[in-house]
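In what comes next, chain A is part of two complexes: it sits with chain B in the first one and with chain C in the second one.
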Partner chain A sequence: MNQRENFARRFARSKSGMLGLIGVAIIVLAGLAAPLLARSPAGYSRDILLGPSAAHLLGTDNLGLDIGLEILWGARTSLYVSAVAVLISVGIGVPLGLVSGYSRSWVGETLDAAVDIFLTLPILPLMIIMAAIMGTSITNVALVIGLFSWPQLAKVCKNATLKISGMQYIEAAVCLGYSRGRILLHHVLRNITGPVLVNITLIMANSVLAESSLSFLGLGDPTAWSWGTILKRAWGNNAVINNPNPWWWWLAPSVCIIVFVVCFNMLGTAINDLLSPKTQA
Partner chain B sequence: MAVIEFIDYSMGFQAQDGSVHNLIDRLSMKVEEGRALGIVGESGCGKSMASLSVMRLLPHGAVVQGGQILFEGRDLLQLSEAKIGGIRGNKITMIFQEPMTALNPVLRVGFQIGEALRLHHPDMRRDEVERAVIEALDQVGIPQPRARIHQYPHEFSGGMRQRVMIAMAMINRPALLIADEPTTALDVTIQAQILDIMKQFKQSGGMVVVTHNLGVVAELCEEVVVMYAGCAVERGTVHAIFRHPRHPYTVGLMAAIPTLSSPKTPLKTIAGAVPAIMDFGVGCRFAQRCEHCQSICRTQRPPETWLDEAHVVQCWQACGAAKGDA
Partner chain C sequence: MRRYLLGRAARSLLTIFISVTLTFFIVRAMPSNPVELLINPYMSQETQDMLMQKYGLDKPLAVQYALFLKGLLQGDLGVSFSSRQPVAQVLLQKLPWTLLLIAIVMALVLGIGIPTGLLAARRRGKLADQVINVLVTLGISIFIPFLSFMFLYIFSYLLKVLPTGGAYTPPKPHGLTYVLDVARHAILPAATLAITNLANVVLYTRNSTLDVLGEDYVRTARAKGASPKRAMRVHVLRNAMIPTVTVVGLQVGVMVGGAVVTETIFAWPGIGRMLFEAIGALDYPILQGGFLLLSVSVVTMNFITDMLVGWLDPRIRLGGGRP
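Our next item is the complex of A and B:
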């Protein structure tokens, strides 16, 4: 209990960590509460390309859609994609990392080689191919991103496991007659939660970036509201280079993506700093 | 009946090319119930390998070359993995050298001590386990065990952690306790306390103490095996070996300990170092460093010679054969 209370207290004192946490909390709450706050941005209106006003807080696009609403509903997409991607990465990466880090036999080496090969693959073109084959639904996008995010988590997990499995308390656990599974779940996994947690926040941030990139390239789901899709339409309609410039169209989604990524990264860095023994009192 | 008995046990390491280099050569020794056996020798002499062999936890590349290790009448080397799993941590337990790293930092101390109990006695209720854990901590002299079980290892000092390790190793009332350098990492006053605690536990089973500290052996053990480069060069009762060491290596070890009455001259040292496993040679493995080395020592392995019923030595000189040769 002591250690956990201590962690919470030190976390509350870390400025970047709290900032990241608040940002993440706002995004998550906004995404969850979107259906309560506002209707989904359906149908077109006559308010075409209006700047921010009381009626349309963040203006409208060339079809008369409210950008503020799109962004609010887009947060749901981003969260959904990153949650699915994290689930897949954790589901594949953590067990593989644990086994390849702990097993000294050919199993570990084979897994390790597989992870290395996956890490060398250029992700974007493969994602394009996968998205093209699997079709452009938002779940498919999330699956594809998840399938390409696990290798780095597996690597982090493996390295942490390697370090922990050399510790004497693991040897002691073996001497006490514990099975491999018990040692991995009870003794190793609980010791590597720090780096794994940090990597999960990075995967959250990266998957939103990847989703936006795919949407921007037109491989996202055109029927789902997504920050990347707004940017793609803004770009497609020359909103970014036109003069006079409808800046509200591209600025708000870009800022949202940046804030999402920065907040998750700050959260991850703060957790990392707090968990690393160097900074522990 | 002996708790554990090594009979001509040999093991070695497999090199990259597949050839096996022998380390432990036909080791024979036994531990009686209620008694402690000390294994002493320099680093790299195979002391730890001998104890890991009992646990069947030899590192990668190590191979058993022959012999038996009998525990309760069964050969541990022949048991299935499942059977040995039921013995490890239950009937045979181990205490490690480094109390600072031998406890899992993220698990509560009480949980860690109880884990071995829960694993080997799944039918025990939670409150029974907790009571047993508190009792175990109390026995090793940890104050306020009821509060201590909820703490993490970093809240314990080194000596207290070593007590926790002992509590953990003793909670299943093992028939055999292996202590690998149990006091090396502790300061001298704490060492004495830990040795006292370990002495109490000797009544319930046998004990093997792996150490390079002859003081620990004198304090704790009844019998002692002096190992050099994988050979048990001399073994017998503590009394016999400390009073009348016969092997030149044992003599050298004894001479290297300062005593209150020793003259103010530099301590005796044994020149050289333990040979690498590839350089053991065919004769006596101590021959290169031995000041009494004869030609037979380099060509033939000395046999085990019983000097009396409590004292065995592997040395040509001690068994008298070298004299004729010289």
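Our next item is the complex of A and C:
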């Protein structure tokens, strides 16, 4: 049996991994299919602050917008932002990690020190400044999150590369006279996909948290539907402490954010457990 | 030890320098630069020129950067666009509140996180460990507004036992009542921020304790007759703390980011709330100064944890080994 099949079979046996995978699949499908499933929550209606009912599954807010629809369309924003963030951080983090892990010269040392410095900076405040200055559009938010999500990936990639580059087959490849680029791409990169994959699930989860936080602080795109923006409006209208309490308004989007993040984290943990030699039978 | 400390201090300074440079260029290189924001198109040309000159905005970027660094060294962070107060003065008013919050959170995180991690490691695979594992997975996924909303809903709306926001009930009371009042207001924000940061500390304490428990020297200690308690206290704890302390250091950056959201929700009058208000007013000097102050605090905290790690781990302070 080849290794990949074996991995898939062991993954299917991990309960939390499958739960995470199913959750992620549902969110992705819902986000992709949102335009087919329902109209976008447009226009204001007279149904203000109604509780969950058959007409409005998750109730309405103070403008009469259907919260269930807002959440469904918000999933698209979250997925878009996290996908862009992952692309950018893979684009920056993986090459940096490969070079700093493989290079034995000052280049590697310098890159490593730079990554360490970026890891210590308070990232959310930095994102806030950048998002405030770039202006609120969903692409800007995605760019900002991507631009500051790579350090962790670079670190993980570097540590994995360091381990692989000590292996004998790398030594063999060097002896065969392969170029550095070829060794890095064909021999090192293919063998560090595991840790990189785990870190990507973490970045997905964290960028949704970052996007929701930025939107919550008023740095989101006012024209896009976003879970953080719903929370911002709920909070701005004192929905949490008002009497009578429109609990569906603040609870539903929060639960969505948590579920999204938990699913991606469970997926990551399951992959990580399968990859670490300690748990392998 | 000295070489190690000097190296760490140099890196701290470099980190601060990089955050200074980053903010300078982010603020100036972006499409809507502060020049356009400061200058109202209805002003006369002379007023515009005068303002440009006053803030040094007519000079080339490199000169502006040099002037900015010079001002920074003299403690001059510029003037807030909205309140016209010097930024440094505004920051000094807000800083104690954030420091108070972070100190309470740190005490909670270490005081609860380390014992919980040790418990999970000692009961590995048993019920307590499994429960803690589930809580940790939830903890690393928590979204601060959600947790704050739950707390506000339960304690302020349903039970009506805790205040919804602010740091004290105006008018400002005096003496002991003031202290108690601030403490009452600090409970919810501190609990929120502590819970979001607990998970990582528990996880690292648990895993590093498990690693150390498997070491030969722990078995040796038990074999020569040390009680399990003594082996834990003398041989395991110190070595298990090294990764935990490193993680707490790295966590400070995240914690400070969380403080921005937490302070905003609970109207806690610290740096985080100030940043939130500055976003609405597009007050760039305040945003820039606030970020710099947060970076400096994070770097300082990291330096302290580096020293702690050096003290815990002789390999680091004596040899060239890297943590």
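Just so we're on the same page, the second predicted complex is superposed on the first by the 280 of 281 C-alpha atoms of A that agree within 3 Å, B and C clash if a C-alpha of one lies under 4 Å from a C-alpha of the other, contacts with A are read in each partner's own complex, and residues count from 1 in each chain.
One rule holds for everything that comes next: contacts are C-beta pairs under 8 Å (C-beta built on N, C-alpha and C of every residue); 3 or more make two chains touch, one makes a residue touch a chain.
Predicted model only: the values in this text are computed from it and were never measured.
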{"item": "Superposition on chain A - do chain B and chain C clash or fit", "value": "fit"}
{"item": "First (chain B), second (chain C), both or neither touched by A:Ile133", "value": "second"}
{"item": "Which superposed partner A:Ala142 touches (first chain B, second chain C, both, neither)", "value": "neither"}
{"item": "Chain B versus chain C as contact partner of A:Pro122, first or second or both or neither", "value": "second"}
{"item": "Comparing the two partners chain B and chain C, which touches a greater set of residues in chain A", "value": "C"}
{"item": "Touching partner for A:Leu209 - first (chain B), second (chain C), both, neither", "value": "second"}
{"item": "Which of chain B and chain C A:Cys175 touches, first, second, both or neither", "value": "first"}
{"item": "Touched partner set for A:Val156, first chain B, second chain C, both or neither", "value": "neither"}
{"item": "Spatial angle chain C-chain A-chain B, Cα centroids [nearest 10 degrees]", "value": "90"}
{"item": "Touched partner set for A:Gly218, first chain B, second chain C, both or neither", "value": "second"}
{"item": "First, second, both or neither for A:Trp247, with chain B first and chain C second", "value": "second"}
{"item": "Least C-alpha distance (whole Å) that remains between chain C and chain B when both complexes are overlaid", "value": "13"}
{"item": "Shared chain A contacts, counted only where both chain B and chain C touch the same residue", "value": "none"}
{"item": "Contact set on chain B toward chain A in their complex", "value": "55, 57, 60, 85-90, 93-94, 96-98, 101-107, 115-116, 119-120, 150-152, 155, 165, 168"}
{"item": "Residues of chain A that touch chain C when the two form their complex", "value": "113, 116-117, 119-126, 128-130, 132-135, 205, 209, 212-213, 216-219, 231, 235, 240-241, 243, 245, 247, 250-251, 254-255, 257-258, 261-262, 265-266, 269"}
{"item": "Partner chain A, residues of chain C touching it in the complex", "value": "11, 14-15, 18-19, 22-23, 26-27, 30-32, 137-138, 140-146, 149, 152-153, 156-157, 164, 249-250, 253-254, 256-258, 260-261, 264-265, 275-276, 279-280, 282, 284, 287-288, 290-291, 294-295, 298-299, 302"}
{"item": "Chain B-facing residues of chain A, complex", "value": "1-3, 104, 167-169, 171-179, 182, 186-187, 190-191"}
